[in-house]
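Shared between the two complexes below is subunit A, which has subunit B as its partner in the first and subunit C in the second.
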Partner chain A sequence: MSWAPPSDPINNKNKPVKISQLCELCHCRKAILKRPKNLQKVCKECFFYVFETEIHNTIVTNNLFHPGEKVAVGASGGKDSTVLAHIMKLLNERYNYGLDITLLSVDEGIVGYRDDSLATVKRNQKQYGLPLEIVSFKELYNWTMDEIVATAGIRNSCTYCGVFRRQSLDRGAQKLGIHHVITGHNADDMAETVLMNILRGDVARLEKSTSIITQSSGSPIKRSKPFKYSYQKEIVLYAHYKKLDYFSTECTYAPEAFRGTARELMKNLEAVRPSCIIDIIHSGENLVLKDSEQPFKKAASANTTSTSKNTFVDGNRCERCNYLSSNKICKACMLLEGLEKNRAAITLERDSSVDGAARVMRTLEHLSF
Partner chain B sequence: MTTFKCKRCKETDATLKSRKELFCDACFIKFVSMKQRKLMMVDEFYRDHFKVLYGKDLVDDGKSKILVPFDFSSSSLSALDVLLGLLKEQNMQHRGRVGFTLELLTVFKSDEDRINIENMWKELRSSPLYDESAWGFVNYHMVNANNFFESAKELQHIVLHDQDFTTKAIEWRNESDGEYSIQTLLDRCPNRNTRNDMWIFIVKHIVKKFTYQQENIKVILWCQSMTKMADQIIGLVVKGRGAQIASSLDSENADAEYGDRFKNLYPLKNTLLSQLDAYCIIRGLDKYTLNYEVKSDLFLNATDTDTSDTKTKNIRLVKNMTINELARKYFDDIEGEYSNIISTVLRTGDKLKPPKIETSSTDNHHGSSKCAICLNTIYDDPAEWLRNIAVNRGHPVETEEEQSYYDQWKASKIGLQNEEYLTLRNHAWDNGNDIDLCYGCTINLNGIKTKELVWPKNDSEELQSVLAEYEL
Partner chain C sequence: MVKVKVEFLGGLDVVFDKQRTYDLDIPSEGEFTVKDLLDYLVTNMIKNPKDVEMFIEDGTVRPGIITLINDADWELEGELEYVIEDGDIVSFTSTLHGG
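This part shows the complex of A and B:
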């Protein structure tokens, strides 16, 4: 599938700019957008400058990389990961980070959704001149997401997808000898997680919900989120004004129901206080549990030499797949076990009935009357 | 119509349902008041301040006084009702002796407010619900919110740097700069949220300052329901004040911001607002509320019309709501599907402690300072944090055309306004003192167009300055 960047809108370029229309940062060019982060009206040049500089500041302040490091950009073809790949290449060249960047994609096997987005990633590979590696659920687990949804139902789709995708990214990176995966999680995602953990009282996750770098002890792969302070809307605007090639369809399987309610609350809050996303992240960074409320930490320190199967110890290995796990059997193997029990005994050859809602949507889109 | 029996006494017909349990009026009143009384006796300190003690156990020579901020909401009316009930009980059982006396305090904004409050207080005093003897243990005080500025020894002009988010304060002179009132401050706030934030702080400060200046008041009994406290927790998170959650819920330690003179008690924190509303309706206190609408949602015979009205009202006003109101709306909307969410939020808040104070690598004075506006401890350097995540410098001028636009902007009204700010900023940076603001107050100040406000200089002298009380 070929792709051509959209053309610029035709405006009367000679029309004089009113003073009130000028950018609030440089005061010398016409403002074209209102920054969702602080409602400042800015011109395109200033927007590019502040957006890129803020991400650079995040990288430098948090010491995300070291020179010569090999990093994998988790690329799905969506707006966040496309902008991430673009920005990482740009900043790497501008500020001489000395990074060796590879695109790493996971094919979950969602017909009509992931196959289209992977086509975008393949175009990105050529556009940015970066190597690409694709790992698939089918190859790793012998299941596609469409098959999983057909077997386990749509309600739990995010649980399966989340666990398998996380593991697939790690396995893909390991295969390439890369120890650092960067993902396009943005400020909105992070703020939503902080709110959700407070609302459902998930104390175990509360303190970690705003960590920019996450790594289990003993794991060779670390993950980081350079877009931690970047608003989703600004990422979309950046992709739009830079005319980046990205895939804009949301996953057709249902999002987690409770996260949906937190998202709705965030949308309302953002309408009355646009800065609320970074405000929530600031709060999240300052949420500290009382010592008596840290059962996991206590257990870990009390049982460092113990081999108790029920104790959470970072760095354990799954008995079946040898992947990192806090339990005897990792979460992915547990889910696979449940799936295998319910797999249909007989299947039709070339059966496409398991292809999910995405395929139906695509078919409907191409119908004409 | 089918009738159900009360789950507690199993004799009387149930009149209301709260958290899936059916109650009759009498059992419900007992249920709510016991929750409050239990938290009033939560530890030895509070027990000693509420119980009738004799001999060597006597606290403050038997003159234990409890300050109750009173705003004529269902929460404060029901809390007062329980307290008066306890006083009556103690008075009877101990033959004229009680464990404590009450100092009620209402903060008002305008003359109109004052008149309404005064009339409502008189009505409550003459209510047939209470004997005249009950009021013998209660003193009522009213303070005008303008005392916040009027009683301050010294006012300061706080200016925020628009690019690096640092702050300076210069002296504010009444003679040349004019009077500064609560209304002036609230009018300059850009939205309801900031106004609400400022107002909440001003009322809290007046209450705590009033307590600080009284002898023998060791406990402030805040009438905040579980619902309101959950709203506040979410509100603090959304306003970037997450670090303050632990101190805002702390009832174990004395209030360090006010010289460790008293503790803050939240005895309604296990009671939902809807339960307090129902309590007021049953006790007939709903007619004494001011600026507050009591809801009858819990009653079995409640009509649906009220709720549908409120729902449409909420939908229409979302953009005009404050953060706390939005959190309340979320709880109302979600309660059916995910129950106990309000208590979960409160329990999560209770599990938090203040974060470690991070000393800035560049500027040591940020180490353990207090915010010059809200008096809360500053745990990190908000200016540095904001500088890293929000760049405030633009792309440079590149062409002649751009330079000409820049010159036009500088000479324009917008440019001149900016010039006015820059003059003030330069003056503050040449003559002012460094002051520290917490993250939440920095964001509030950044939202004010002129990025400045006038505020009392908060120090021990300010706390000593006497608040003028309005005599009833």
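This part shows the complex of A and C:
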């Protein structure tokens, strides 16, 4: 699939610009964006500058990196990770972070979706001149997502995909000798997680959910989110104005996944009051459990071998795959066990019916008499 | 008659017959606003009525879709009230998919 940038029609008419339309930072160019954070009107040039600088400030204030560090950018080809790869390369050169950046992608094995988005990542690799490593579900678990959906049905596809992908990123990084994975999670994602944990009453996760760096004790891989304070809207517009090449199709197995979730609520709140995203993150950061109300934490620290529900035990290893796990057997191995039991005993040679199952289903949905 | 180019980005093209850009000549008398454009798009260009809610909510563009008029945020241009002129480009970008 080739890629053509969208049109660039700013001031294509040379109409006189009113003073009220000017950028509030440089006061000389026409504003093209009202920043959701503070409702400031800014022009394209000033937007690029403040957007990049804010991320740089986030990185510096939180001491995300040290010179000479090897980092992997979790790259899906989507908007967030494409902008992340672009920004990391740019800031690394502009401010001499001294980072060694690699793109790390996971191939879940979804014909008609992931193969197209991986093609985007491969183009990004050339555009940014960064090394790329792809790890696949097939290689690690001997299952593709297409096969998993054919076996376990479409309803739980996101559970399998989420668990396996998280592990795959760690395994990929480990293979490359990298101990730091950065992901494109943005402010909207984080606010959504805070809301979801509040609505579900998940106290144990609530405190963790707003930290910019996460690392389980005993794990060699840490994760961080340089876009923690960046609005989705600004990320998309940055990609748009910079004409970055990104892939934007909803996953074939989750076309409606965003409906009726916290995301819907977030978007509606944002429409009323755009600063609410940052406000929710701020609230999340300041929610601290009282000592007397920390049964989860106490249980976890008192008994490190405890495997009861609701406790997080860090530093344990899965008995089967030796991957970090809070239980005896990690989530991925448990899911795999269930899958193996249901794998069809006899498979037709060269049976291609599972490949692109999602695509076929989509086509069928659109058929009508 | 008003000539306007419409773009559907970020996966929204799915709702509009998988085509990303359209050059439209829309018959109109007097002022033609973005509101009128939305009505036109809904009536004439969305084939499957179920898809309307992917694009429109409460009479305006659904939250989570970024609307640009000549590449500027429509919030700066008067949103639904903006009067479209010949040669304008209106783009809609969905942010509702994964990243």
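Quick notes on this structure:
The criterion applied here is as follows: the second predicted complex is superposed on the first by the 326 of 369 C-alpha atoms of A that agree within 3 Å, B and C clash if a C-alpha of one lies under 4 Å from a C-alpha of the other, contacts with A are read in each partner's own complex, and residues count from 1 in each chain.
In the analysis below, a contact is a pair of C-beta atoms (placed from the backbone, for glycine too) under 8 Å apart; a residue touches a chain by one contact, two chains touch by 3 or more.
Everything numeric here is computed off the predicted structure, so don't read it as measured data.
In the overlay built on the shared chain, the residue A:Ser157 is in contact with neither subunit B nor subunit C.
Once the two complexes are overlaid on the shared chain, A:Asn268 sits against subunit B and subunit C alike.
When the two structures are aligned on the shared chain, A:Cys276 is found in touch with subunit B, with no touch to subunit C.
Shared-chain residue A:Tyr229: touches subunit B; no touch with subunit C. In the superposition on chain A, A:Gln125 makes contact with neither subunit B nor subunit C. By the touch criterion defined above, A:Phe48 reaches subunit B but does not reach subunit C.
Look at A:Thr144: by the touch rule set out above, it reaches neither subunit B nor subunit C. More subunit A residues lie in contact with B than with the other chain of the pair subunit B and subunit C.
Of the two partner chains, subunit C is the only one that A:Gly78 touches; subunit B does not reach it.
Judged by the touch definition given at the top, the superposed model places A:Lys34 against subunit C, while subunit B stays out of reach. Touching of subunit A by both subunit B and subunit C, each in its own complex, is seen for residues 258, 268, 271. Within the complex formed with subunit A, the subunit C residues making contact are 5, 7, 9-11, 14, 21, 63-64, 66, 68, 70-73, 75-76, 85, 87, 89, 91, 93-99. Only residues 6-13, 21, 30-34, 41, 76, 78-81, 184, 186, 189, 232-233, 235-237, 240-241, 248-251, 254, 258, 263, 267-268, 270-271 of subunit A touch subunit C when the two sit together in their complex. Those residues of subunit B whose C-beta lies close enough to touch subunit A in the complex are 191, 193, 233-234, 236-243, 245-246, 318-323, 326-327, 329-330, 334, 337-338, 341, 344-345, 347-348, 351-356, 379-380, 382, 385, 388-397, 402-403, 405-406, 408-410, 412, 414-415, 439-440, 443, 446.
Of all the residues in subunit A, the ones that touch subunit B in their complex are 17, 19-20, 22-23, 25-29, 37-38, 42-43, 45-46, 48-50, 53-54, 57-58, 61, 194-195, 198-201, 203, 206, 229, 258, 261, 264-265, 268-269, 271-273, 275-276, 278-280, 282-291, 293.
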